[in-house]
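Given below, in the form of structure tokens, are the structures.
Common to both upcoming complexes is chain A, partnered first by chain B, then by chain C.
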Partner chain A sequence: MTPVSSKLYTDDVSLLMVLIDTNPFFWNSVKSTLAFSTFLSNVLAFLNSILLLNQLNQVVVIATGYNSCDYIFDSSDSQSQTQRVEQMLQKLEEFVDKDESLGREDSVDGPGFSLLSGSLSMALCYIQRVFRSGPLHPQPRILCLHGSPDGPGQYVAVMNSIFSAQRSMVPIDSCVLGAQHSAFLQQASYITGGVYLKPQLLDGLFQYLATVFATDLHSRAFLQLPKPAGVDFRASCFCHKNTIDMGYICSVCLSIFCKHQKKCSTCGSVFGQAQTQDSSTPDRKRKTPLDA
Partner chain B sequence: MPQVRIVARNFMDMVASLPALKLDKLYENSFICEAILRSLPSLAKKYVLQLLYIDGPVTAKWLEEWVLPDGVSKHKAAVDRLVQLRILTETVERKKEATYLFNSTFQRNLQKHIVHGGVLPRESMPSNITVRLPSLEELDAYAVQQWEFFLLHLINSAEAEKSTNISSSMMKVFQRGLLSQRDDKEPPKLTESGFQFLLMDTNAQLWYIVREYISNCEEVGVDTADLISFLLELSFHVTGKAYNLNTLSDRQRSITKDLADLGLVKLQQGRKESWFIPTKLATNLSISLADSTSRKQGFVVVETNFRMYAYSTSKLHCEILRLFSRIEYQLPNLIVCAINKESLYKAFQNGITADQASIATLHNGKIHLFFFQTCKMQIISFLQQNAHPRVAERTPTVPENVTDQMRLWESDLNRVEMVPAHFYDEFPSKDVFEAACDFAREYGGLLWENPKKMRIVVKAEIFTQMKEFLRKQKQ
Partner chain C sequence: MADKQVMKRAKYKSSVKDPGVAGVLKLNIERFVFMPNDPKASTKLNVEFRMITGHKFTKEGSSKQALLNLTQEQGGNYIFEFDSFADRDVCREFVAAAIAFHSEAGKATTENSAALVNSEQLSRAETERRIKLLQENSELQRLHRQFVFGGILTDAEFWATRKKLLDQNDNRRPKQRVALKNEMWTVKPLSDGQSNRVTFNLTPEIIHQIFAEKPAVRQAYLSFVPNKMTEKEFWTKYSRAEYLHSTKNVVAAAAEAAEDEELAVFLKRDDMLANEARRKIRRVDPTVDMEADEGDDYIHLPDHGLFQNETKDVLESQYEPYRRSFSQDLNQHAAVVLQGRLVDVELGDPRSVAEALSRTKQAEVSDEISNRNLEKELSDRISRIAEIEDLQGPRDPAVAPLSIKDPRDYFDSQQANAVKALGDAGSGAKPLKSSVSPREAYGSLTDLVSDIRVMGLSEPIMNPEVALKVLNGLTQSISSTKFHLGKNPRESVLDSLPKVTKEELLHHWTSVQELLKHFWSSYPITTKYLYTKVTRLKDAMSQVYPKLQEIKESVQSDFRHQVSLLVHPMLQALDAAFAHYDADVQKRSAKSGERFNGFG
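Then we have the complex of A and B:
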């Protein structure tokens, strides 16, 4: 509990964590509609405008690669505005090179997917550190600029990040740049109370960013921001990482499986027979069908 | 009658009250655009960003579309502010709804800022020059010391050990309104606004002094727009970096000297050139009073037995505490004092009665807002703001019995209310007396009546009506 007298920041001081998708496979696929360089100049202008709005505003950029994630920019580090951009671009370049050189075989989902779970966790760690730094801190929020498709293998990790963001009351805004809607980010924004938006025209990305995502948390109480038409709540199974509508869940640890298993691979509970055969068995560790 | 002073609450209010021509000229400086943008309410900031790349007018409806029912008043306030600062120009055509046009100079400057980033008009000291610069802590300490010294000098020039470089005429300007002197023999006494001034936080005090400084310069004939733009520009310099004095114009250099006396900048003599180093006080200038992030650590502990322990070596703190408490003894780093009835009465006499309008802000040229703050509230908020970190964690930081007692002591003083009135007696008849009573009652001016002796007391406000009425009765 922080005493009222020590809450000195005005309401619109914000800490914005921006997660940038740097997956080369994705950017290659949308080369004709939105080049990576155009995207970057839009984002840089957006970051500048966030820092312009309040001198206490803070921006942190995390690059989401397909093998690794890293912090590439923190506005609290550097002082000069002119160095800011150069520094960030240089770090980004280093990151992309490093990301490519890392072995591909042990990547979670394969090269087509970016490590959203990793960058979300890094963002949340950073926010936790800010929370603990003292009673005076800006209001944090996360903005995912994501393009590549959801990696089903990251389902558990992403959901865990989402729930911890919800617990610490950090909204996750998502701006989906790819052709497909992202079920992960839909759920993330829905659960944490953020904004989910898939821009129709990627040429005007800055305008989307400035109109929707630059809105601080305080002003959001007075404004009607875009609401998603529907949210894809489908889950991935733990055994084959498939996205499923119907499945089995473990009644002890709530793990999800697409096929009937003898034993829960997560918590080790032994299951009885499949559901239809024996309903009067005293064994409680029975699996129940998952309601889609 | 309560005296209403119209006070621009911060720098931006003052900028907003500038004439249109000057305002347009100010916007040519991109730093002023930035400072103005930062001072806006959060919704207005959002609108500016939204309109930044839109050329041509937009309809009012286009802006309203986003607003939820809860936010209508905030939306109105934001748009009003933008129009007042001439960032948006409102045009209402006949039979059509209002449209807003973005100020093109302002727009261009911000666009440039967003794409290229801001560049200060002068570079900080190159690193190859080997001059020992003060560390940030030293600089803060310097600023605080300089400021306290200035304040001490302001309220009591006899207490200050050494004289400041601020000319005595300038000091007089600052003291105007804060101190009053009935005749030359008596030492000057704090006025009620002076009393309030001392209990304000540093940012508010700084703003008060800067405002006086600006209005003084105006009287001397210096262009205020130049001065304001220099002060705002100064607030964008990096704290603790040294800048060459030669990059300033002559007038700016003389302003800088004054600011050094206030602790806003530190002057440093190099081997060949001299430099100025902005302190935290200068960089906080453009922040509105609402977010006083520069709060220092508190030092006061108030106990339930009305004892007060102030861990401070500052002479200024001692003087401030003396305003409303009795200093019992002083140790090198501790001031022990007691709040009692007499000390508070003394403070209340200096201060103001309850419910007196103390500040009105200027908005759209009209008096818009009243802040009612009583003397006791000021003392309590001073104690709360400066609470020692150990007690600041506790709620309430000032014991309830102490605040309650202060409230009671204050209401003690307000037991008697004075109303100017007229006394009437020797009415010719009972009828005339009763008619007069009814008449006075109708106007809400009857204070007291005695039907037996046929005497009434009527408020002085309705004296003329009463006279007229009685004259008619006679006929």
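Then we have the complex of A and C:
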């Protein structure tokens, strides 16, 4: 009954969206521990293994740059297998050039931030297009190979992407290459049910990728993958950066405050008078009537 | 219940075929006694109900004899035949209750149950309800046996906290109304093969259904019978009409109808039905979206998959009234069945059935007429839904755009804790404070990329020793978090325990809850009665501690920690109760120094 033309997508066919961090300032800062070329050869070997795992597997690579993001590889439109790597590297070079030309700064302190929110959004858009292509499609997931520290300015955009991925049930796997953990990616993986991993031995990157991130979503049901030991998602107040268990939240922009404010410092909403709460409710002692 | 008894005339039979010995059967909660009418007969019976394990009985309607068969524990049985099914049912119910009572009270001492029953004057219905609840709910039964027969709670105390349960059960008691049969009555002629006679079988149930589905037939019945024709003549004519329909010969039907005007009533299309249909169509919500969705794909099945060879011939218009569509019949039948039994009259008398049905229909129509608001409501709804866009004023967005001055605050509010949780706050301090020019950074990146393009991938990608290290590291960290509890909310700790332990724990939870419920509801202690109740409960609760300890010790060491985690809150709850008890005792003795225990 099935038309011959339609591909037989079984539940273990994957669409893997790989976001690679190409922030030059980050790679410059870790030159000695993990060279970008080493990283690339590990990743390329990993991508090849994904494509070998299942003939119908699809890999899309998005470069997460400092000034921009772009698709640099899509296995579904590459002509011949031998040219895959060549094609991708060429695209990557072009991308890096373009990314540089968009820059304005004269010098950058530290590793700088890469545009994670942008590449996450691009990955999700691509996945949405696949979802709409018909009832049969590969199972999508996103893998972030990320090194740059979290960019505070991207908070809202990144969180929106995470929630959007959660809504479309797309897991975000994270492999953190930098010195620091990434709170963004930790939340992303936690919320979307993906795997968060910060490899201890960067020399063995390929082994990490192949062991943890090569598993398709169907097989994950039968496997034990690394789980975080627990995440503290308690917030700190916007006013003093103190960790709080209970506080006031702006109903408009969800800013958190430890004390009642007249006006939200984040979005400017004016709050009504809080009801003077009478915490000194008389400690009513229950009188036990005896001998009634 | 103990003082209740039932006495009925019955015959004791050794087997179903046996004519039996006439006599009187007396039942009470303890035993049943059979006394033959002939005092010299030797078949006297005096059997305790606790020896009886079950009962069987004949079904009214399917059997002529009203029998009740009591089966004994050690095999063997007692068969009684009653004068009527009504008598039998009274005894059957009593027997069922008595058997349930004894099987439930099986392990209790007789004194106990006698005291229990005598102390309360319960209605039989109430007792039955309780027994039924206990039979249906094994957990409840276990609690009941443990506490009531264990002497910790009285029966009344036990049930007092379950009034709601009893009431609920009570509400279910009204008899279920029997729906109409979902079967279309069609004429299946039972021809004897020799003559042309055709036999039909009409029961009151079928007549009811015909009246409900075919208002014209009902109307005809009311006006023809018995003035114009007898009941029998009426149904004969109706059957004739149905038979003609079943032959699908519209022309023949029309010809016969032309000669017999009464027959024509049955053969012509039912105008009352058509009117009713029109009325219903007028009342359909015009805003209903009738567009079929993918799920309604029956189109490929002719006649919706129902086999029916309807005549598709083109007929002259004079025959049109005699055509009847199967789908119309089917729809009408479905509507009637779904509506359920509208009238509650004895089905034996067709006339009263017909009248009752007509009355309900009449009432429906008059209801509708009085409900003139409906039309207004419908037109309102249309105007609301069928909004013409270009006639609407511009809609102002009722929202103000969100302006966030600095999203960095959100980040700061979370970053610190999340990273700290990973035990990595130390390295969070700026790793490199070097400043690089973009030119340099981008330059080295491009160089590295072109390196690969020129040199190819490094081979081997990595050292096997490193790979082994990575694998070992991963395995170790995974196995260390695997047994970390509470990771997966769907996974219950209980499920990982052995089944016996799990059940025992759950049972202890329910019994501890039961005890605590009674314990706390006894405070403040105002009467001597409450005082003794609390004392009883306290003793029972103190016995739970060693049992919980026992469970903890009985499980394997792997589970011990988990079990003690589960037992802990139970112990806490019990401790709290004891603390309260002790404090109360102290307060009482301090307060009433002169009076001994505070109860004057």
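Simple rule for what comes next: the second predicted complex is superposed on the first by the 220 of 292 C-alpha atoms of A that agree within 3 Å, B and C clash if a C-alpha of one lies under 4 Å from a C-alpha of the other, contacts with A are read in each partner's own complex, and residues count from 1 in each chain.
In this section, contacts are C-beta pairs under 8 Å (C-beta built on N, C-alpha and C of every residue); 3 or more make two chains touch, one makes a residue touch a chain.
In this text the structure is predicted, and so the values were computed from the model without any measurement.
Visitor: For A:246, select first, second, both or neither according to whether it touches chain B, chain C, the two together, or no partner.
Guide: The answer is neither, since A:246 touches no partner chain.
Visitor: In the overlaid three-chain picture, which partner chain does A:31 touch, first (chain B) or second (chain C), both, or neither?
Guide: A:31 contacts chain C only, not chain B.
Visitor: Among the partners chain B and chain C, which is in contact with a greater number of residues of chain A?
Guide: Greater contact footprint in residues on chain A: C.
Visitor: Output check: A:136 vs chain B and chain C. Expected answer is one of first, second, both, neither. What do you get?
Guide: A:136: touches chain B, not chain C.
Visitor: Just chain B (first), just chain C (second), both, or neither: which does A:53 touch?
Guide: After superposition on chain A, A:53 lies in contact with chain B alone.
Visitor: Using the superposition on chain A described above, determine whether A:84 touches chain B (first), chain C (second), both, or neither.
Guide: first
Visitor: Report for A:214: first if it touches chain B alone, second if chain C alone, otherwise both or neither.
Guide: first
Visitor: Would you sort A:270 into first (chain B), second (chain C), both or neither based on which partner it touches?
Guide: In the superposed model, A:270 contacts neither chain B nor chain C.
Visitor: For A:125, select first, second, both or neither according to whether it touches chain B, chain C, the two together, or no partner.
Guide: Touch partners of A:125: none, neither chain B nor chain C.
Visitor: Now for A:93: first (chain B), second (chain C), both, or neither, which partner does it touch?
Guide: It touches chain C, and chain B stays clear.
Visitor: Check chain A for residues that touch chain B in one structure and chain C in the other, and list them.
Guide: Shared contact residues on chain A (touching chain B in one complex, chain C in the other): 45, 85, 206-207, 211, 224-225.
Visitor: If we count contacts the way the header does, which residues on chain B are in touch with chain A in the complex?
Guide: Those residues of chain B that touch chain A are 34, 37-38, 42-43, 45-46, 49-50, 52-53, 65-68, 70-71, 74-75, 110, 113-115, 117-119, 238, 287, 290-293, 295, 384-385, 387, 392-393, 395, 397.
Visitor: Note which residues of chain A are touching chain C in the complex, please.
Guide: Residues in contact with chain C: 22, 24-25, 27-29, 31, 35-38, 40-42, 44-45, 85-86, 89-90, 92-93, 96-97, 99-100, 103, 105-111, 150, 152-156, 159, 178-181, 183, 186-187, 198-201, 203-208, 211-212, 224-238, 241, 243, 252-256, 265-268, 288-292.
Visitor: Quick one: in the complex, what on chain A touches chain B?
Guide: 3-6, 8-13, 45, 48-49, 52-56, 79, 81-82, 84-85, 136, 206-207, 210-211, 214-216, 218-219, 221-225
Visitor: Using the touch rule from the top, collect the residues of chain C that touch chain A in their complex.
Guide: 402-422, 424, 427-428, 430-442, 444-446, 448-453, 457-458, 461-463, 466-467, 469-471, 473-474, 477-479, 481-482, 484, 487, 523-526, 584, 587-588, 591-592, 598-600
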